[in-house]
Amino acid sequence: MIRHLRATAVGARLLAGFGAASPALAQKQGSILKVYHRDSPASMSILEEATISTVFPMMGVFNNLVVYDQHVKQNSLQSILPDLATSWESSEDGTQLSFKLREGVKWHDGRPFTAKDVACTWELLLGKAPEKLRTNPRKIWYHNVESVTSNGDSEAVFHLKRPQPELIALLASGYSPVYPCHISPRDMRTHPVGTGPFKFSEFKPNERITVTRNADYWKTGRPYLDGIEYTIIPNRSTALLAFEAGKFDLTFPDEVTIPLMKEVKSQAPEAICEVRPTNVSTNVLVDRDKPPFDNPDIRRALALAIDHKSFIDILAEGQGDIGGAMLPPPAGVLGMPPEVLQTVVGYSVDVEKNRGEARTIMGKLGYGPEKRLNIKVSTRNIATYRDPAVILIDQLKEIYIDGELDTIETANWFSKIARKDYQLGLNVTGSAVDDPDQQFYENYACGSERNYTGYCNPELQQLFDRQSLEADQQKRKALVWEIDKKLQEDVARPIISHNRGGTCWQPQLKGLTLMVNSIFNGNRFEDLWLDR
Amino acid sequence: MSSIDYRAELARAGANVEGRWSAIRFFARRYPLGAVGAMIMAVFLFAAFFAPLITVYDPLTTNSALSLARPSAAHWLGCDFMGRDVYSRIVYGARISLAVGCGSMSLGVSIGVLIGLLSGYLGGWIDLAAQRLIDILQSLPLLVMALLMAASLGPSLHNTIIAISIPLIPYSARVVRATTLSLREQPFVESAKAIGMSELRIALRHILPNTLAPLIVLATAQFGSTILTEATLSFLGLGIPEPHPSWGRMLSESAAEYVRTAPWLVIFPGLAISFVVFGTNLLGDALRDILDPRQRS
Amino acid sequence: MGSYLVRRFGLMLLTLFGISVIIFLMLRLAPGNIADILFDAAGFVDPAEKAKIMEDLGLDKPLPVQYAQWIGGLLQGDLGYSYVSDRPAIREILPRIPITARVGGLALCFAVLIGVPLGVISAVKQNTRLDYILRVLSLSGLSMPAFWLGLLVLMGFVSYFGTIPIYTDAPQSFWAALGMYSIPAAVVGFRSSALMTRLTRSSMLEVLRQDYIRTARSKGASENVVNYHHALKNAVLPVVTVIGIEAAFLMGGLIVTETVFNIPGVARFLVEAIRWRDYPIVQNLVMYIAIIVVFINFTVDMLYAALDPRIKYSG
């Protein structure tokens, strides 16, 4: 309980701070922020999408119950602020989480926001609403939520199956907006209505997305911008040319690769660029049910053959992090630090020694320079998947494994993965919230849809629950490290690297904070302003 | 097409040829552009057949130290993002382009010739049916058809060859049919009929050779255009998959990312494509001038 | 001629029917479908939700029923709804057509105005230095991948002017609009003009070798009259065919050029829709292209009949 109170207190202090600081900083009102967008998202409905392409332009249209402080770089329980909820409280047994809601908030169409809207939103997410979401990618987030009810107009209550102190971390994500009851999920795809600082104005697929200032926003004086125009330019080179020519104030987040960033710096020296961890990992799916990788020894050899540093050197000129399932520190909150990581199989710095060991294992199984193991490495036909797959194949040669690259079109990738029609699959996994409750349950829990390999370890499953129930952060950290180490040594889904991406903006853009452990949670943009 | 007597054709073109070398000398003097084209094609074929002999590095081996390395003495054309030697990849890429070019062109042209000849010469219901087929294939632009085919077949070398060859069929079929149509009424065909030559013989002896000139112009242009189409499919992400070092894919990858940081990644594969296509076109032009029976002066 | 026209028209409809079946089947043969793609970002495919999507979109029905629904709707002007955006397909397609038409139209003008005269000059001045230069130029134009040329032009613009004209649907002035459209149009048109030059030249040369031209010459007709009156008139026929085919063929150049220059036209949209397996968009769009091409072919055939006295049409 203490934690919740603290969060509320922090929020109140910061809110007070904003009020005092505004005149001193002399933010300028007005101007349209121009940004390029990397692709044309399928829809504008955040709840039905699982891509930054939708969250980036749409987060500012909505509010959550709670939200990560938009100006704190590292998301953590300490950085959660009130949003539509003014305060929240957990029941004694921890199975009820109730939110006091802000009053006088209006939807963009003028209807009042009430607790019913909160209940409706989670009915949709729990699949209990009469009208269903077309897709519900984050169902697993709420596996522990029994129901959400409204208590009068200004209180909403989450009823939990068991205590889950970290649920609030998920609710603070950009993926957790509150939807209005009175608009059907179908209409939310093409014309979303929210309570946020920006009103949705237009989505022309392949062309642009525009949002305009919500003059009735409940936070007075926000947003500073008159609107944001997202121009869709899929070709990165073209987009960056336009950015360098000053046509855009901001690039799409994390789309500027390290070599491209050098180019931006030389062509537009005044531009500000920042590289940050994206909490997206490149990893290997291993079919552990069929030969050859049903053999734990070969799986171990695979883990030993991976030269994590070399991947990062090639793919991002050294800009990346080596870690387990959880994003490693300093960006990550609960990831294994280097000294712990060193003790994990395949993570020792001496790559040659690792590979020597791997060759010994392979030799015992009868493989050698003359008798090589032939396998297929499947991956999607997208550079971020294909490039590391090519390097992986190259590295596996060192331990007598010859891999053949099998590129799969996006349209077939997940059905192929679901059929387990692969031996090794090179995969990229993004995490919206830097929290084990999301990471472990989503990717490693028995029966989870995103647990592609079907890895299921009952012993670990119990540890997942234990860490989730643990309110003491230090104890939780130790548990999480233990789980993460086991996942790596079991070769559940070998993590090749944690990636970073670059974002650039023009100096006149002020007030942008790029979060370092999630790309999904910092796109509200109500405090951005342009110094023109 | 195998019935062409090159020496006779050369003689008709005005050459006084005895040996093979003098024929070549004549060709080079008379058709300098064609000779340049032939040389480009020879380099291309040499690269394709002897790739391992003229390269030092494996086209697939990655090397982190060489990521986006500039052209140097060790790596003449630089290295790509994954540190693979661009020169090696271009040389090995010649094999892919050759396979796509020859495969698609010959597949498309042979089917097209067959349809066009049957349709134009025999006429009647065969013509009607063949015309409908051609019309259907022709009712979509080459790239749109290739896109649809490539999408429905899925990406692989074989499928790309097929996808590109299908939309080529109507071009040759139409050319052959149109020529056949107008030739059918020509006096020499009528007289051949009159002296009792069989239909098949007339078609093969009198009609087919007369369709060769436009066909060769078409086929050479198509050889180039298949290479271009493959590059375009790859540029759009529907072409030949990795790890084949296809020029089109090399170009498409770098085009989106490294136009200025590593221009050699864009320039050299693009030059390779342009050069080979240029060579085939030059050669095709010269061959056309030689082989066209109506050129007798 | 009249009955021939009616018959050709009937055949044209038959062709359109054939192409509709082929488009429909090719799309259904393509591995993967929209439901899988909608789940793509989610990272998994939920079988129950997928089944529901398939049902909502009518994809669970037998193929003949789906086909009949499409054609039935098409005949009544109802193109269905885009799977991806959920909006009527017609509202997705229509606004994009003028954009592509402007670029394509400009490109075609460019190609004809430059290509045909250069081809004639090249043929008349056969084997002169000018002819060689024109031939090498047109061949190199044909040999460059359109998107490569586009990228080079783009790069040139940026390094020279420090900027590129970015597409906007509300250009400031007529000149801004012209600039915005004509750069990509020139890239697309360059290739076509090269083809035009080449074909005009070879067609012209062929005609110049014909007996009746030699006869005209031997009868003492001046060189110019022979070249530009007798020869050009007859050489124009194959060129007309090519212009017709080229108008549709431009589509290829337009697809990549719209991608490179980020123009939200219908050509690029087609590729996106194919990638998304957005059947209502793809099948209607491709059908629309087919109708245009078939009409052009029809017109070209009519022109053939009218222009070439050597071709007889019976029945």
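For reference, chains read A, B and C in written order, and residue numbers begin at 1 within each chain.
Just so we're on the same page, a contact is a pair of C-beta atoms (placed from the backbone, for glycine too) under 8 Å apart; a residue touches a chain by one contact, two chains touch by 3 or more.
It should be emphasised that the depicted structure is a prediction, and the values quoted were computed from it without experimental measurement.
Shown here, the protein chains touch in all possible pairs. Ranked by C-beta contact pairs, the top interface belongs to chains B-C.
Between chain B and chain C the centroid-to-centroid distance comes to 21 Å (mean Cα coordinates, whole Å).
With centres set at the average Cα position, the gap from chain A to chain C is 42 Å. As a whole-number value, the distance joining the C-alpha centres of chain A and chain B reads 48 Å. In chain C, the residues that touch at least two other chains are 30-31, 151, 154, 259-260, 275. Along chain B, residues 154, 237, 255, 259-260 each make contact with two or more other chains.
Residues of chain A in contact with two or more other chains: 235, 237, 409, 412. Looking at the complex, you find that chain C touches chain A at residues 30-33, 36-46, 49, 52-53, 84-87, 92, 151, 154, 158, 162-164, 166, 169, 259-262, 264, 268-269, 272, 275-277.
Residues 11-12, 14-16, 18-19, 22-23, 26-27, 29-31, 132, 135-136, 139-140, 142-148, 151-152, 154-155, 198, 202, 206, 209, 245, 248-252, 255-256, 259-260, 270-271, 274-275, 282, 286, 289-290, 293-294, 297, 308, 310-312 of chain C are the ones that touch chain B when the two sit in their complex. Within the complex, the chain A residues that touch chain C are 40, 42-43, 49-51, 53, 132, 134-137, 139, 186, 189-190, 204-207, 231-235, 237-239, 241-242, 244-247, 409-415, 418, 429, 449-450, 452.
Only residues 33, 128, 131-133, 135-136, 138-144, 147-149, 151-152, 154, 181-182, 185, 217, 221, 224, 228-229, 231-232, 235-238, 248, 251-252, 255, 259-260, 266, 270, 273-275, 277-278, 281-282, 285, 288, 294-295 of chain B touch chain C when the two sit together in their complex. The residues of chain A lying in touch with chain B in their complex are 235-237, 257, 259-260, 262-263, 267, 310, 313-314, 317, 381, 383, 386-387, 389-391, 393-394, 405, 407, 409, 412.
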